[in-house]
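Both of the next two complexes hold subunit A, though its partner changes from subunit B to subunit C.
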Partner chain A sequence: MWVYEKKLQYPVKVSTCNPTLAKYLMEQYGGADGELAAALRYMNQRYTIPDKVIGLLNDIATEEFSHLEMIATMIYKLTKDATPQQLREAGLAEHYVSHDSALFYNNAAGVPFTAAYIQAKGDPIADLYEDIAAEEKARATYQWIIDMSDDPDLNDSLRFLREREIIHSQRFREAVEIVKDDRGQKKIF
Partner chain B sequence: MSSEKRSFSSLKSYVPRRGLFDPCPPIGYKYYSTPPNLYLGFQPPGLPQFSPQEALKKGTLWKVFYDYYDNPYRKGGKGRG
Partner chain C sequence: MANPLPKEYYKQLEEIQAADFVVHELILYLDTHPTDQQALSQYNQFAQYSKQLKRAFEAQFGPLQQGSPNPSSSVWTWNSTPWPWQV
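After this line comes the complex of A and B, so read on.
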């Protein structure tokens, strides 16, 4: 069960009308290394991971949903007042004919989300290493979006999200240390 | 940036190999991030913290994990100076 707080984890402000940025941001919305993939991956893996790190996966999955909400807000703000012509110039004509300016779980190239993006191997090391890789890929994606964006306010929010990826990666790396640790077990040599 | 002295840099660069017939002018340096989480291992207790207000803004409570990013290819960016 969740308790919803009706505010964003970090403020989202967009200062320039640039629908092309919305197209780029869709990579973090419905892309392979996006926030939806991250949230669903951890939320599902948490059932079959050692007890000591279930809470970590639960907490990070929950936070990923609040990141998804921030990305959705950015995309919505960047497209809500765009005319069909402006969307076409932004490379979003195909999106428009299918969805109008509704949000959808596509990546930046318009490919719809698939569960094949994520995995649950049931092996704690395999799953945690996938999670670490996912965080680093999401961090890199934020960097490439920041490189493409000239919007200082949007970049401010994106920097916050990138920093969170670094922290998540750190915590998953610590989770690996926890599940591989021998302490508390009798060792016979 | 954290005031702590770090024994590592969080931005690395390399010069891609130049072929004889490369069609485009060289980019110069290619940049990549190596954020602080790669260097610390399990977080030790008692590390310096940001104030709560600052932590909410920066995205981390821990100074050691803060890593500001800006486009390194832009003039005035971290990479090109």
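After this line comes the complex of A and C, so read on.
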């Protein structure tokens, strides 16, 4: 089970209403390499991963949900004062006619989230390599969003999230070594 | 949210976020380095510190966690604003 904490993992400040930037951030909300995909991927893989690395998948999945909340907070704050005219200029007219200012699990191009974005192969090496790749893709996406953003307050939070992807990737690489060592030992018996 | 939040709210919240970040980083590290004595002792130290900060914050600004005591005997405060995306 999970217990909710009424705080973000890291503060999210935005400088101005900026629906264009919110549209880009939807890539990390409902996109293929976004936070929802990450959380669901690790949470689902943990049941069949070797015992020694269950904790890591569990704890990174939990952190991904807190990142999903940070991305949602960014999108919410960047769009909450936007007029329909501003949303149209940002390319969010189609979003507006379906959702008003509600958030939705779309990518930046408006494509809805699908479980086909994530994998669960049951083979620990295949799954952990998928996880490393997912973290590196998310890190790259954060960098491209930072490159497109001119909001210094928001960029501070985005840099934090980018750094977290690096940590997760490194931990997953350690998990690969743990799984390999464990397999090697079993062969002896 | 009727009233703007006092500066003290943000200051204390950021202290908690910083302490919990240390705790979380150590959790992930210990998941792959479970016998690192220094990390274990740092983890216990910061877990304790985070609890202290949260107790002080909750006494002043209301519950942060599900399961924390309700500070009023007449009204349920968990459901009160601000929620994290409103601060």
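To be clear about the criterion, the second predicted complex is superposed on the first by the 182 of 189 C-alpha atoms of A that agree within 3 Å, B and C clash if a C-alpha of one lies under 4 Å from a C-alpha of the other, contacts with A are read in each partner's own complex, and residues count from 1 in each chain.
The criterion applied here is as follows: a contact is a pair of C-beta atoms (placed from the backbone, for glycine too) under 8 Å apart; a residue touches a chain by one contact, two chains touch by 3 or more.
In this text, all values refer to a predicted model and were calculated from it rather than measured experimentally.
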Quiz prompt | Dominant contact partner of subunit A by residue count, subunit C or subunit B | solution = C
Quiz item: In the superposed arrangement, does A:E89 touch subunit B (first), subunit C (second), both or neither?
Solution: neither
Practice problem: In the overlay, answer first, second, both or neither for which of subunit B and subunit C A:D100 touches. | Solution: neither
Quiz item: So, does A:E69 touch the first partner subunit B, the second partner subunit C, both, or neither?
Solution: second
Quiz item: Which partner does A:I146 contact after superposing on A: first (subunit B), second (subunit C), both, neither?
Solution: first
Quiz item: First (subunit B), second (subunit C), both or neither: which does A:Y4 touch?
Solution: second
Quiz item: Of the two partner chains, subunit B (first) and subunit C (second), which one does A:R162 touch, if any: first, second, both, or neither?
Solution: first
Practice problem: Please indicate which partner A:E174 is in contact with in the superposed arrangement: first for subunit B, second for subunit C, both, or neither. | Solution: both
Quiz item: For subunit A, what residues appear in both contact lists, the one with subunit B and the one with subunit C?
Solution: 10, 167, 174
Self-check item: In the complex with subunit B, residue positions of subunit A that touch it
Solution: 10, 139-140, 142-143, 146-147, 155, 159-164, 166-167, 169-170, 173-174, 177
Quiz item: Which bits of subunit C are touching subunit A when the two form their complex?
Solution: 10, 13-14, 16-17, 20-21, 24-25, 27-29, 31-33, 63-67, 78, 83-85
Exercise. Write out the stretch or stretches of subunit A touching subunit C in their complex.
Key: 3-12, 53, 55-56, 59-60, 63, 69, 72-73, 76-77, 167-168, 171, 174-175, 178
Quiz item: Considering the complex alone, what residue numbers of subunit B touch subunit A?
Solution: 33, 35-37, 40-43, 56-60, 65-71, 73-74
